[in-house]
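Quick one: structure below, then a few questions.
Letters are used for the chains, namely A, B, C, D, E and F, taken in the order the chains are written, and counting of residues starts over at 1 for each.
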Amino acid sequence: MTEKIVLVNEDGIRTDGRKLSELRPIKLEVGILSNADGSAYIEQGKNKILAAVYGPREVHPRHMALPDRALLRCRYHMAPFSVEERKSPAPSRREVELSKVIREAFEPAIFLEKFPRTSIDLFIEVLQADGGTRCAGVTVASLALADAGIPMKDLIVACAAGKAGGHLVLDLNDIEDKEGEADIPVAYMPSFNAVSLLQMDGLLTIEEFQQAINLALEGCKQIYALQKEALKAKYQAIKESTEVTEEE
Amino acid sequence: MTEKIVLVNEDGIRTDGRKLSELRPIKLEVGILSNADGSAYIEQGKNKILAAVYGPREVHPRHMALPDRALLRCRYHMAPFSVEERKSPAPSRREVELSKVIREAFEPAIFLEKFPRTSIDLFIEVLQADGGTRCAGVTVASLALADAGIPMKDLIVACAAGKAGGHLVLDLNDIEDKEGEADIPVAYMPSFNAVSLLQMDGLLTIEEFQQAINLALEGCKQIYALQKEALKAKYQAIKESTEVTEEE
Amino acid sequence: MTEKIVLVNEDGIRTDGRKLSELRPIKLEVGILSNADGSAYIEQGKNKILAAVYGPREVHPRHMALPDRALLRCRYHMAPFSVEERKSPAPSRREVELSKVIREAFEPAIFLEKFPRTSIDLFIEVLQADGGTRCAGVTVASLALADAGIPMKDLIVACAAGKAGGHLVLDLNDIEDKEGEADIPVAYMPSFNAVSLLQMDGLLTIEEFQQAINLALEGCKQIYALQKEALKAKYQAIKESTEVTEEE
Amino acid sequence: MTSVMVSRIRRQQIAQLIADGKRLDGRGLKDYRSIQIESGIIGKAEGSARVRLGKTEVMVGVKIDVGEPFSDRPNEGVLTTNAEFVPLASPEFEAGPPGEESMELARVVDRGIRESKAIELEKLCIIPGKKVFVIFVDVYVLNHDGNLIDASTLASIVALMNTKIFKYEIKDGEIEKKPGFSPLPLRDIPISVTLASINGILVVDPWLDEEEVMDARLTIAFSKDGRICAIQKGGSGTLSPQQIIEAANIAKEKSEEIREIVVKS
Amino acid sequence: MTSVMVSRIRRQQIAQLIADGKRLDGRGLKDYRSIQIESGIIGKAEGSARVRLGKTEVMVGVKIDVGEPFSDRPNEGVLTTNAEFVPLASPEFEAGPPGEESMELARVVDRGIRESKAIELEKLCIIPGKKVFVIFVDVYVLNHDGNLIDASTLASIVALMNTKIFKYEIKDGEIEKKPGFSPLPLRDIPISVTLASINGILVVDPWLDEEEVMDARLTIAFSKDGRICAIQKGGSGTLSPQQIIEAANIAKEKSEEIREIVVKS
Amino acid sequence: MTSVMVSRIRRQQIAQLIADGKRLDGRGLKDYRSIQIESGIIGKAEGSARVRLGKTEVMVGVKIDVGEPFSDRPNEGVLTTNAEFVPLASPEFEAGPPGEESMELARVVDRGIRESKAIELEKLCIIPGKKVFVIFVDVYVLNHDGNLIDASTLASIVALMNTKIFKYEIKDGEIEKKPGFSPLPLRDIPISVTLASINGILVVDPWLDEEEVMDARLTIAFSKDGRICAIQKGGSGTLSPQQIIEAANIAKEKSEEIREIVVKS
């Protein structure tokens, strides 16, 4: 804050070389942990995030079971070494809040009523954080749910837009998040044009906000395509390996 | 402690202008929270305390239910902003102890055996503390129980007496509690001449103690009259408003 | 660490006057607490440790009960005043680990399958610590189990050996533990030549390790004899006192 | 715990009325419940307020302490917001450490204050890097009848508006209190407006029964120049982008109405 | 968990005996159980004691540390009293954080020591406002057979009586230990006496079975000049004002008997 | 939760194979599963590594902070080892504070590093008695398929090997960072080897199914000169003294194989 950081230069280029509406490079992998019923991994910029799904399974403790649908539980958690200053492994208030809004983002997408009295447990572990972890977490969790075979109305995809260095920008990185003017994480079901997570920090006029939302939705649509590719790649890999499987 | 504070002047007048056996001004209101089954509010000096009662209701967790009577639970709690230095909202050892002695003060008064397998939950929230909060808390909790329609053998009323500035005094305020010689909170069922809460801090001869107890009981009797008035006022108000009620 | 402490002098004598393979003085008492189903007390050097057993009894919480055997639970705990610097009464990570390895040391010795759906609860309280508390704790816990009438394949006995001042030594005391080169606590069932607890801190060649294990087992055998004596003394005492008993 | 049956009927009833532009408690879709504000009611707190929003009742106390700054903001005071769901406020609240609902409430209230830069934190530095004022905003819910976020944000900003800080001077690196107080330096009055989407229709200031049947909740807070400073969507339903923009426009209008009430109070 | 039936019979039995001036364990109504005191038994503690009151057994260790004073008592040492109900002492005790019973015990023991001003805390200041001695009194219940308060108060005061503090000097604002120890400065020996009211009759030093059937418990602690320094009523019954005064008079007498035992020990 | 029946059959199957010198996954009794090591993968951590041991997967991040030394080691840095069983790693792991399994894991990993004196802690003192480097080793289990101790010890030592510490100078008693980094000073590479005893036969590197049927587990860690630096027996079975010595000899051999892999990686 003492020296003003130039977040967008005069050519409209951001600190990491991106254009204003450019996503960070994204790498997605599906089905990478052997114990989980479904799992996936994302790298988005320097974010490195794992997601795993267990369920539908018996609920513990039992009294939490719901008679008419599955109980969806979600834990967003950061590894102690994922950030500059070591983070205590106990869940912070921020992690509790994000776990809640991410759970609420998935509840409308999953056919929970198909699995009464069970739980579906979604775990998001941030191994390295670089801004936008909740969005990348939603994107990767969606793949883990698909990998677990949980029936969903649509994949959920998430992306933030915001304002940094006086410009509306897509997919803010860590420094843009901290030093920028506003950040709007959005989770979205593209087939239904439905927003299921929405937050904002910062200061924006209504007009800027409207533009930023649209920008975020554009980002979501691009990532949605990547999600589908990643799932396709997984199916292909399974097809190719089905002869080799040795354990049922 | 460095400069000796004069708690009682040569005319027998205390720091807040009261005489030795004079109560602080008391304001009581019954039935002020819409969710609780019963509620009441007290101002006694600068003390501002709310009490609410829920029950008789199902016990959670169930294994705590008693086969032959209602489980009475009590929580005495201070708001973080109720005292000079902000108090952590987690219950302190003092709050745990007071919750216990207040619960024990009410157990002999309530017909618990009429509601087996249920709980009656009594919550006392100190919004501003000025000495004598446990007594004022008992006084107001009694009204909340009555407001909830919980059958009681008698109203419980509480008042402290003690010694400050070398004199026996009634209803100690914050500074008399901290700088005085002794404080004796007493809870009492006037119709049965029965003491159900008794504690003491400080130093008193047996003779002084005996006089102080009697002084406290006098204070109790005065407040008892105020409790009955407050309940009467509530019934009156209900009577006047029964035509206007729109929800069952 | 600044001044090198001489742990073994040129005559092979240790700081407390012992020879290299000499145990500290041991005092054992059985059946000293009236509430516990079984109890015992040990002094080994300056260690002062109590053990108590409750059970077989109903398991709380119930869902922890095992259908085919008793649940063995163990708590190794140090009193706040048992060590140089006051220890918080909340269990430390060390206490949690030791509770686990001690429980695992007893599991192979107790006929747990005789008491399905019950728990056997073993409590070890270190009142004063002087090195080797886990071993002395195992030794005394074994007596408490016997005192409770819990059927066991063999008494478990424990003793440490290690290296201090360049020599292999038996039954390390506090300063040898802290300033010595290695410490190996061993728990043992002499009748079966079976080791049920084994840990090591420090640095030893395999040859030294082998010798140290043998030394520890020799120590165990000596203490085993003391355990049996202590039990015999208890039975004698009971025999003598059976006429005086006034409660069933 | 009302039975599933009853709540389905209730849901239909509430939704049908709303489809007709009406609400069970007689309000219009964009009407707030009555707002009552009392300020400065807890003398032991440096600032305080009680807000009643219909039957919802929230008290906020502000306490000031001296503490260390965050290492990345050595010249700024510290704001700490906490919310307690004390069990006298609702049969659903339990004693114990804060749950996700109360943590979310505290964080959303905090977001509105922080992002609007309402408190001039840079004026709360005492000794750079060492001592700053710490502002504790404690939200205390006394009766929960829905829309705790707006009631709590409102009570918090009113409490901050009447917060006073002791005067002091620095002598030999130690803080010495002087007689008198200054007001807490504020540069903005953030106001949050919460809407619920029920069967696709937006209503302002949902009360408890509406919260129980709503699809989603959207809270938008505005700074005094009409900019959005914080948003939080809640609930397990979705909103269309069009609804979000519509909600923002409604919320802006309502926030101005409420800010006028605050300024006058 | 004895059945309700058995406990009712037991209650009658105990009460009937007491009405005849007798007790199940043969004592008179105003008799204490046998008191055994051992002191200085834990060498690693700065002070220690074990008290056996019949089958009730309590150990207390005192540890001394250096810490900061309370801001409103910058020139006084700090007393911290804690009680642990370790699960080996009773089938009713569970491992885990302290419950309301052990917190009450610690606070009542603390009250007796503090209110009688037994420890000369003002002599435990090392550097005013910065460093003082902190006295940890840890009550450790080893076998619970009733009347933990009196056994714990007794063990605590005996432990404090044999507590020693290292000698020191201040060099450049740092504390340097010197060889040797001084006794903890004490000015009083508070003694608590607990009575139970069973069917309206007062008995001294209730044991566990009596505690289970008693209506109420009353603990009164006395300083050595015979003044009351702490009172705690417990249990869910009531006492008449006359009973309270009667109890105070009995307790005063018993406290003198016990103090004599302590002084001699 | 497999039924008791199935696990008994499984147990027989595993044990019978082992009696024949074979294992269910095709390995020999003294073979490790495939070991894959990646190092320096978390740029935000001062050191990091991921180890895959068959399907077991563990990540370790090392963070460096400045803190106070222990009072009995005023001139040494501080090592703090922690292990998290995050619930994505196994259906058996639950969110919440660390349980006895993860505490044991952390303590055994820590013991290997500490007792081999792998880190030159005495070089991590900044201002004697006041400021030292604190090394946080955070073990993060990502997939649990058995033998977490060896995988975690391995990942920890690899992470420490690529850990870098910022350069600094002391100005007026304050630490000032300078550009550049130094490697964490290490003097040893402890390697742990875990064996299981199944029906009296020792196997190296048990996977999850073997852990479920084993009698006992024995972990032995070696420093680079071939000395034992840490041992931990686990499980509710016993070992004969002969088995222990046999295990030590096997473990020594295997530790050298693994150390070679580490040094080459």
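In the analysis below, a residue touches a chain if its C-beta (ideal position, glycine included) is under 8 Å from a C-beta of that chain, and two chains touch if they have at least 3 such contacts.
Keep in mind that what you see is a predicted model, and the values were worked out from it rather than measured.
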Topological distance between subunit B and subunit F, in contact steps: 3
Neighbouring chains common to subunit B and subunit E, by label: none
Furthest chain, CA centroid comparison against subunit A: E
Cα-superposition angle relating the copies subunit F and subunit E, to nearest 5°: 120
Whole-Å separation of chain centres (CA-atom averages), subunit C against subunit E: 31
Between subunit D and subunit C, distance of the C-alpha-averaged centres to the nearest whole Å: 57
Where subunit A and subunit D are represented by their mean Cα positions, the distance between them in whole Å: 27
Order in which chains appear around the ring, subunit A first, subunit D after it: A, D, B, E, C, F
Subunit F-facing residues of subunit C, complex: 1, 68, 93-94, 96-97, 99-101, 103-104, 107-108, 184, 189, 192-206, 209-210, 213-214, 217
Residue ranges of subunit C in contact with subunit E within the complex: 33-36, 39, 46, 48, 50-52, 54, 57, 60, 75, 77, 79-86, 89-90, 121, 123, 125, 127-129
Footprint of subunit A on subunit F - complex, ascending: 41-45, 48, 55, 57, 59, 61-63, 65, 82, 84, 86-91, 94-95, 97, 136, 138, 140, 142-145
Complex interface listing, subunit F residues touching subunit C: 4, 73, 100, 103-104, 106-107, 111, 115-116, 218, 223, 226-241, 244-245, 248-249, 252
